[in-house]
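Same chain, two partners: subunit A is paired with subunit B first, then with subunit C.
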Partner chain A sequence: MITTTRARRLTAPAAALALLALAACGGSSTDGGSDGGDGGPTGTADDPVEITFWSWLPDIQKTIDLFEQAHPEIDVTLENVGVGTDQYTKIQNAADAGSGGPDVAHMTYDAIPSFALTGALADLTQYGGEDIPDTFLPAVVGLVQQGDAVYGVPQDFGPGVMYYRTDVFEAAGVEVPTTWAEYATAAEAIKASDPNRYITYLDPGLADAAYMGLWQLDAAPWTLDGESDLALDLNSDRALQWADYWDGLNQAGLTIESVQGSDEWFKQLGDGQIATWVVGAWGLQALTGVLPQNEGLWRVAPMPVWDEGDTATSQFGGSGTVVLEQSEHKDAATTFALWMNSDPTAVESLKNDQGLLPTTNAAWEDPAFLDEEIAYLGGQQARQVFAESARNSVTTWRWLPFQPYVGSVYKDTVGQAISGRTSLADGFAAWQDRVAEYAEQQGFTVTTD
Partner chain B sequence: MRVRRSPVLTVVCWALLGYFLLPLVWLLVNATKTNSDLFSTFGLRFGTEFALFDNVRALATYQDGIFFRWFANTVLYAVVGAGGAAVFAAMGGYALAKYRFTGRRGVLAAVLGAAAVPGTALAVPTYLLFSQWGLVNTEAAVILPALASPFGLFLMMIYAQDAVPDSLIEAARIDGAREGRIFWSIGFRLLVPGFVTVLLFQLVATWNNYFLPLIVLNESDKFPLTVGLSLWNKLANAGGVNLTEPLYPLVITGSLLAVVPLVVAFVVLQRYWQSGIAAGGVKQ
Partner chain C sequence: MSGVRANRTAYLFLLPFLAVFAVTIAVPLGYAIWLSFFKHQLIGGTVFAGLDNYTRALSDQLLHEGVGRVLLFLAVQVPIMLVIALAVALALDSGRMGGGAIVRIGLFLPYAVPAVVATLMWGYIFGGQFGLAAQVFDAVGLPTPDLLGPGLMLASIGNVVTWSFVGYNMLIFYAALRTIPAEVYEAAAIDGAGEYRKAWSIKLPALRPALALALIFSVIGSIQLFNEPSVLQALRPSVVTTSYTPNLYAYNLAFTGGQTNYAAAVAVLLGGITVVIAYAVQLGVARRNRVI
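And now, the complex of A and B:
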């Protein structure tokens, strides 16, 4: 019986992908129900419009309560139906069935294009969201926009930074690196100070690490022209620059293989076995929450750059709020999604109650927010670092309409190379082949270099 | 007959016992730890403080005690689902074994075929079907599929062929008993060991069922333990999520509490099993 359960668990993401694939190649069933500009009725305080919101943020109800005070004509019911792919599977099922989905949903940026492509998401510019590109940071607007259409309201994001252990760097007697070359030198010093210590970890299943690296290099590993012409370039010089760099550290045994988010990995962070974590700014939440005993030991620094004088950074993670095309209350849903992520009261709540990094231009101009000293980081004004990274984030990065598939084969290709300590460049070549094969099956016209 | 002990087999048995108990021991030990002990002390040794009761208390209060709501849901799904499935399997198996009717072979073929299809493959079609019937996000969507157990039916049929002698049924018929009466008063009682086997199998399967409730339920109030605990675990892993309470101790303590009813069910029900196995070995 145990094996049955295991098999089912493993198949859940696979089934989700199969569904996405089906939806991507056939005509989508949701298009038929589109009702043009009719965004549904406007409610009153006595007879409010009822909308459903799916989100896995544990305390989001607090922000919703504030919304209902400000907008008594809209009644929001919150449901937490699953984290990430679990929720997406449900949304895809509901889109296929034509009903059963929520009006509004929390969705990570990488998933938004796939649902937009199959017609599951509403274009918010038709329902009152035309100012989204001006209200939010340029670093995130590109992640929810496709042409003139906007498929989500940015909620939070993960400007790339480097968290590091001060005690480990002190013990090794090495400066905190600002470039990737210095990072490699520091890796050797740390290993030399204690053979059980590593500059960082490599997670064979974490495609986000590669995305983050390619994004910083502006490597543009995939470019979608129109709706079906896809240029793949995972073997470009820039992509190989990233691959070869990590290849070097990996083969020299300067990194440890570990699964980000696993309890073992947290233990390695907590013990100082892993000295740096290059990640979206949200990493601070995870450290504070899981490793309170490490308070004062961690600091944040800008993500290392490739050449002295460079400033380009990238992002890791982040999510927006989307409205489903099948919703009968798209006006009310858009009002809610916009308010929750841009109203000053809501932004305060996102910061304080949810621990999220807001994405509005206004929030990042507020000195009180930027200058706050973070106790966990020894009183560091960490948001200054976040803000700098947000300003310098490369804005040309785009997610593919089948990004979940791209991420899922990372483990079988690049991940294999990481685990086997073989050439990451070969891993990238295999990755590109798998992505190209899949994209062609989905009806894309694929060109590769 | 003299019983001979094989030292090799004994060692193998002890090794297997250790192998199977290890995860349970880990669970038991780590359910007593605080969050910081979880990440700073050795996995199989107790932590610096004994926090099991604190963890249970946190479990009872986190999100208004939704964990025990999930617990109750799981009990409902498992008892109704497994109980129903075992009763249906006993009735169906008895009928297939003891009656000769048109289409019997067809039914048998369909059952064997159904047993060969993994439940996972049927989950999405099941969702679309339930969506048409308006059953998505209802308890029935979890319970209805659990009521059908092709394997249980097949097992009961094989069991009924030997466990219920035809002569007993004939005797009852001569005494004027109707078929329903014969089944419930004679057939079913003889089938109890097989029934318990199917019940246990189904109980474990429904208790652990993950994928079906995951896709058909849209409200956390209706989740079973599997989906709820997995949700917490993913939240804990997600990072970047503002957690008012460290979730790992809750997930681990919750998992420990979640396996207790299954252990109890096995301990309570296994004596029916043993008597059945013994009964089958004796010529009456």
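And now, the complex of A and C:
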């Protein structure tokens, strides 16, 4: 498919992201073949422990090589069994069978809860990962933590920011917005300056855009109490605040319908037809990779806020490294997962070889990293903006154990309202109905407001 | 005694076939049916569900809409495709068309293009502001219809499928026409029949079995519509919904929703519908044969 091919050519975070919507639901496992608290043997340089690592990141072998130099007692074999859904299906099959899975795997944040719920993932605090909550940014720890258990090591993330075209804003004679109200005003000015220009696009299939908006508003559209009590609140005042806002822009024709990641969409970005892209910080990788001719035209600004003085932001995309419960080498696996995502050498390698944004507190305190001037953005110190967003990200967001399903029916419900320019609030109501129906079929006790 | 031994030998010879048939056809089919009697939940695990999945499917609005959509597709696209294929086969067979071999290969070539690639290509042609279709409409000063919009998506998919399969069906018809002995034509010519008369009274009746075959293949293909809508979904997510065709629905149930058991029930029902329609087609053709 166009989008997937394109995304694969971009960068790992972007690829991971394009696949978020497709990510397989785990959800048909009984038990992961738990073998108690034994973390397995520790190897020696002469007789190393062998572990298997499933990842679809290109060039991740470079980082693995560095690990094996630092830890000769552990031997890592990399296997790429497919991107996103493909890999998750295989992990699910292995979990069902009780064997056949890798020791360590790459996994997007939205997929982690479903595998954790069905017992397929190891709680890393039992195998040497007890410092994870202190080592990594609070903004991402919540995405891998359930209660006191930690089911993955954060690898990269997408703090929400706004990329914008300086030339389009100059032509329209309007200031870069800092609030959503200013953003709506700018939308009108841009449209007035050229009827073929839009402040941004609406993608009827991209649930992530709604997640990002609800997350920033701390709307808590779903709350899981215990294992099976699910409260759905996609019709809350906050959810409707987001829906009504975009309804207004959509019905006034100030946005254009377009599919993020498609060829046409990149063309629209490149031509200045789409003036802003509110997205995870990794968006820079996509712009740099696909639209090199745009160098110097784009800048980054904080994601607009609802009220002046607000600082709350949210995230879009990202993934972690998980250890499987069925692994016989969970200690070694955890050592590897931790090292790969937190050792300064590894973080440097992930940044340079993969284009990943680090997730450790230490990395975001390093002035050399924060102050680097990004040529594509006209020499802007973009990571300052990323860091601010990461600091202000709402930390209460949680993914559901069947998030991929929730994302997949967005196009059937909210997407219909976007394309038909009908009420997004009705779209949200329909979305909630579909999610509630599914959750009940899956045995959850569902309450809706 | 000797009769029994002969029977045993016969079974021995049948064994390789039966073994392959069991492993590749009977077991997967039986497994799907078996799965369809269970229910798996994230909370609660797997339980026996009896016919629950089937009763759910029978009252599933999304499934009904999908089935309705492929039946409409079947009713419109299949006749168009087969008539075109038939016309071309007759034209080629009449021997009056120049460059027969080139036309034959040219028409057959799209069948060799994988459906995903074909759909991507047509997606570019139909799609958006920059597609070929938009440029053509622009050039003649007409507004471009939204070929991938809710109103025209099914027709556009029909266009892709017709493009892909006209050549394939044409080849079936053409091969059937080539098996008609030359003497029949000679006799007709002596009786004073022209080309049209020959086509009507000799070729079309001779084509009936081939037509039945092509029709049954097309019925199955239509009900199982998957690749084309699945690829176009990436371009227009809100038009091609998760339940746009029954097969797409079953796929999403199984791989996005983790509802493998319900997806199996949907698949079994769909298989049943296909068998019924294909059988009806076969009966219809056979009965007409008898009348003549």
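Just so it is clear, the second predicted complex is superposed on the first by the 418 of 449 C-alpha atoms of A that agree within 3 Å, B and C clash if a C-alpha of one lies under 4 Å from a C-alpha of the other, contacts with A are read in each partner's own complex, and residues count from 1 in each chain.
We adopt the following convention: a contact is a pair of C-beta atoms (placed from the backbone, for glycine too) under 8 Å apart; a residue touches a chain by one contact, two chains touch by 3 or more.
Predicted, not measured: the structure shown is a model, and the values here were computed from it.
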Which of subunit B and subunit C A:Gln381 touches, first, second, both or neither: neither
Which superposed partner A:Asp412 touches (first subunit B, second subunit C, both, neither): second
Partner chain in contact with A:Thr89 - subunit B first, subunit C second, else both or neither: both
Superposition-derived comparison: subunit B or subunit C, residues of subunit A touched: B
First (subunit B), second (subunit C), both or neither touched by A:Leu57: first
First, second, both or neither for A:Thr422, with subunit B first and subunit C second: neither
Touched partner set for A:Gly283, first subunit B, second subunit C, both or neither: first
Touched partner set for A:Ser262, first subunit B, second subunit C, both or neither: both
Contacts of A:Gln442 with subunit B and subunit C, given as first, second, both or neither: second
Shared contact residues on subunit A - subunit B and subunit C: 1-2, 4, 89, 262, 267
In the complex, subunit A residues that touch subunit B: 1-2, 4-5, 7-9, 11-12, 15, 19, 54, 56-59, 79-84, 86, 89-90, 93, 96-97, 99-100, 102, 156, 158, 260-263, 266-267, 270-271, 279-280, 282-283, 285-286, 289-293, 317, 353-356
Residues of subunit A touching subunit C in the complex: 1-4, 22, 24-28, 30, 85, 89, 114, 117-118, 203-206, 227-228, 259, 262, 264, 267, 401-402, 404-405, 408-409, 411-412, 415-416, 418-420, 438, 441-444
Contact set on subunit C toward subunit A in their complex: 40-46, 120, 123, 127-130, 150, 231, 233-239, 241-243, 252, 255-260
Subunit A-touching residues of subunit B, taken from the complex the two chains share: 35-36, 38-40, 63, 118-120, 123-124, 127-128, 131-132, 136-137, 201, 204-205, 208-211, 214-215, 217-220, 226-227, 230-231, 234-244, 246, 248
